[in-house]
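Have a look at this one.
Chain lettering (A, B, C, D and E) follows the sequence in which the chains are written, and residue indices restart at 1 in each chain.
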Amino acid sequence: MIFGLANPQRFMDATRRAGVIGGVLSAVLLIAGVWLSFTAPPDYQQGETVRIMFVHVPAAWMAMFVYACLGGASFFSLVFRHALADAAAKAAAPLGAAFNALALATGSLWGRPMWGAWWVWDARLTSVLILFFFYLGYMALRAALDDEQKAARAAAILALVGLINVPIVHFSVTWWNSLHQAASVFRLGGPTIAWSLLLPLLVMALGYMSLFFTLWIVRTRTEVMRTRAEALMLKRAGGA
Amino acid sequence: MLTGLAIEGLAVERGARRLFEGVSLTLARGELLTLTGANGAGKTSLLRAVAGFLRPQAGDIRFEGQDAEDARAESLHYLGHQDGLKPARTAWEELCFQAQWCGGTRESAKAAVEALALQPLLDLEIRKLSAGQRRRVALARLIAAPRPLWLLDEPMAPLDAERRSGFGALMAQHLQGSGLILAAAHDPFPVPGRTVQIGASA
Amino acid sequence: MKTFLVLLRRELDLAWGGGGGPVLGCAFLACVTTLLPLAAGPSLVRLAGFAPGAAWVALALASLLSLERMFERDYEDGALDLLATGPLPLEAVALAKGLAQWSANGLPLAAAAPIAAIALGASSTSALLILACAAIGGLGFAFTGGIGAAVALGARRGGVLIAVIVLPLFAPPVIFGAGAVGNFTAGLPWLGGLGFLSAYSLATLALAPFAMAAAVRNALG
Amino acid sequence: MKTFLVLLRRELDLAWGGGGGPVLGCAFLACVTTLLPLAAGPSLVRLAGFAPGAAWVALALASLLSLERMFERDYEDGALDLLATGPLPLEAVALAKGLAQWSANGLPLAAAAPIAAIALGASSTSALLILACAAIGGLGFAFTGGIGAAVALGARRGGVLIAVIVLPLFAPPVIFGAGAVGNFTAGLPWLGGLGFLSAYSLATLALAPFAMAAAVRNALG
Amino acid sequence: MLTGLAIEGLAVERGARRLFEGVSLTLARGELLTLTGANGAGKTSLLRAVAGFLRPQAGDIRFEGQDAEDARAESLHYLGHQDGLKPARTAWEELCFQAQWCGGTRESAKAAVEALALQPLLDLEIRKLSAGQRRRVALARLIAAPRPLWLLDEPMAPLDAERRSGFGALMAQHLQGSGLILAAAHDPFPVPGRTVQIGASA
């Protein structure tokens, strides 16, 4: 299916409605998620602050997930020199950076009551910050090279190199005994978290996911249309 | 063994501007083909496309007798506007490195020193050479590491009259040994050959 | 192989010629040993713990600052054209450049760091670990940094861009290495950190040349 | 004066383009604040004492590494010929280059150093002193270093020569500055050190341009 | 105001080797003098001696109408084999700096852009220019900051035929405005002038 959509025209046809449908779906999921978050019982240890989790954790997951998507798209753009993959990579980066910033901000808000500090230089926090820098570096590189094709390839190489950071972020907690919570959902042997907290968390995660895919497709469409418009303008300028 | 070069319908873009399109040419053993054209017409770009640095937008570059990758790694010399010589190293160090890098030996480097009369320059650092002397050091690698196809970008511009005819003789010798030369130039070479004009007739 | 050695010799010559090399190590040594006692008070115990950290800071900064030299000059003066039409693939060229960079920047600092540490009162066993970490970490810096240098070729604000790109790549070796040394001084298990550091550096040594070569090819066009 | 400003703008552009600038400061900040706690153990009291020392080491090394850029490129690509036939004497050119070097290397590091120190727990009064010392000392580094860079022009082993010439010249500011900061933290009188440091830097600012210009003239021949 | 140049009995050494000696020549307003000679004869060295970079071993370089120091700071343009343009800056940034550094203004830089038809190149970084385009950007400072004496070292080598005659016209114009040109070249200029041979008759 992915390969079927690789043709830009077919992609454009198939995703014409994606913005509307995805938008509605994301709105429903997110509203449900927020409602569930506020009706969930407070944690016996963390009290009301646990509600930050429903914003923080999915955002942190998405920061990593989007980077994986960016890496995948970059791989296709690099190996198959596929214009659509490149447009997708370009479109994904700012979204990932936004999720990443959200995870950092909410984590830091949460850290204040839990650890007594906005920030500590621990492995998990540092590696998430590094992931954020990767997003920034990726966007800076794209902006600094003015030849579109060269920029695309150089950025794709960088994105692939940066993939190495994703497992480091995820496993940092186990590799260094960190202040930060160890994995309690995505772990071998199943989740260790109470159902009353897990349900809103999962709904929120689905909402984030759907929001991301919607925005990703919309941004990719815009990118494809922009390149088309530019090509048209160049053609006109050349003919004149 | 590389025996020929055939270019068909080549189109090259730089910075979203199409420099030329539909350029077709062939080059056989023993032939010199001179590229001419206005500044910015795309002579250098064409040479770079043949050398494999630049991916053309359309068209085909075929090496005969060898596949493109091998040809580019073993059978061609590209000598551009910039010679890549390091100012702080001596002429002999640089020549020696270039020769060995391109598959020659210290002995063949010495032969090139003879052929281009570089003897008195060998111990000088590149930054101390005059423009013409420096160009001769750069040209020496063509002799020091024999490869069939020479891609030359205005090789003679800084040479004096005597050295021009001297290098012309080396070119003729290379062609006689069934070499191939594709060269960009604003002035004609002292060697018989065909000429192709790149870009709008200027 | 012979061709690779020829290339490596040239790269070493160029890298050591320009500002790197033994001098960097000596400068570091001189700075650290004269400065720190002055700045941190004369208690040797405290100082000993500090040398490795300073060595890491110096190593990371020195690696960062000399990266620009790695490909930029060859790119601008046409030498990359020659390197790209040689019998060895650009991957081998990138490998040689990375090794030369390491030998001119990483090794001297790695050699100086334990001497400085001992001069400041560290035990000679921890000095050995520092040497190992700095040498191995320097390799990681040189190769990950090389990726940044290659990717930023031809960009308008090359130097600054390199730094932005490279910093996150530098973080893992920094964290692993400093963790190993820190744990060692604190009497905690440190082999794990050293292992991660080695794994990271070896992985970059194996993979970075491909990334660099791809980026250089892209820039040559 | 207008011509000097035009020149200064170009020099700043070139110096900031090539690896210096705010990113260097950030890089330094990131290195110091992540590395030192990891290397020296997380006790804030101890760290606070080390941060200024680490800042000095980094500043000196960073200045050393970027020196090569100061004249070498302009010399090799012919830009010095142009600068030498302008209405301002080479002394003014040297001054502009020194200032640009300082702003691209010294200032960002100076700005970052106190932030790092505070992040590591130093008091904000000592941070101010660190800022002052680093900024003033950086000026001295840039100008003394410039002499080395100019003298080494056209020499076969430029980098090594730079270091041999420059290292001894670096010693006085290093010692004065570190002494001032050290005394301050120890509660001893520190104004004297700062005074010597300022005097040294101002002296180099006044004298070094002449030495640089003479060396450049000599190299141009 | 610089009105002439007189060189008498000039001798220059490089690396303990005497390049030439007893070179005497004069240059008056409105005159072009072309230096020719073999590679390594010392043409560049002579130009650099006039520009004040090189101290001659013997002989005299006199500027008429202005003392040497002022003349070198204000009245001459030296454009050597290497143009000193920075690859990472745009053509306009570089031209603008060079013009202002040599006493011109942004307006005069714009005039030079007109004269050399640089308009389409201004936003390109120097490293993206073709060899001829880059040389044109370098030549532009001659127009952007008017100074009476031009010292040119093979200024036309990378230019195409059309641009050569174009720059020839600019030279002629400069001479008519009672400028002075001392230029090294292997090929004659398209402008009438005298020629002096440097070094042993080659």
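The rule is short, and it goes like this: a residue touches a chain if its C-beta (ideal position, glycine included) is under 8 Å from a C-beta of that chain, and two chains touch if they have at least 3 such contacts.
In this text the structure is predicted, and so the values were computed from the model without any measurement.
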| item | value |
| --- | --- |
| Both-way neighbours, i.e. chains that touch chain E and touch chain C | B, D |
| Centroid comparison with chain C (C-alpha atoms), farthest chain | E |
| Distance-maximising chain from chain B - centres being C-alpha averages | A |
| Pair with more cross-chain C-beta pairs in contact, given B-D and A-C | A-C |
| Chain closest to the middle [Cα centroid of all protein chains] | C |
| Centroid distance [mean C-alpha coordinates] between chain E and chain B, Å | 29 |
| Length of the line joining the C-alpha centres of chain A and chain D, rounded to whole Å | 41 |
| Chain centre separation (chain A, chain E; CA means) in Å | 58 |
| Inter-centroid spacing, chain B versus chain A (mean Cα positions, whole Å) | 49 |
| Multi-partner residues of chain D (each touching 2 or more other chains) | 17, 34, 38, 76, 156, 158 |
| Junction residues of chain A, two or more chains touched | 126, 146-147 |
| For chain E, residues contacting two or more additional chains | 81, 88 |
| Parts of chain B lying in touch with chain C, wherever the complex brings them together | 48, 51-55, 72-74, 76-78, 80-86, 88-89, 93, 97-98, 100-103 |
| Chain E contact footprint on chain C (complex, rising order) | 76, 154, 156, 158 |
| Residues of chain C defined as touching chain D within the complex | 16-24, 26-28, 30-32, 34-36, 38-41, 46, 49-50, 52-54, 56-58, 60-62, 64-68, 156-160, 162-164, 167, 170-171, 174-175, 178-179, 181-182, 185-186 |
| Residues on chain A engaged by chain C in the complex (per definition of touch) | 78, 123, 126-127, 130-131, 133-134, 136-137, 140-141, 144-147, 150, 153-155, 157-158, 160-162, 164-165, 168, 175-176 |
| Touch list for chain D against partner chain E, complex | 2-3, 6-7, 9-10, 13-14, 17, 74, 76-89, 220-221 |
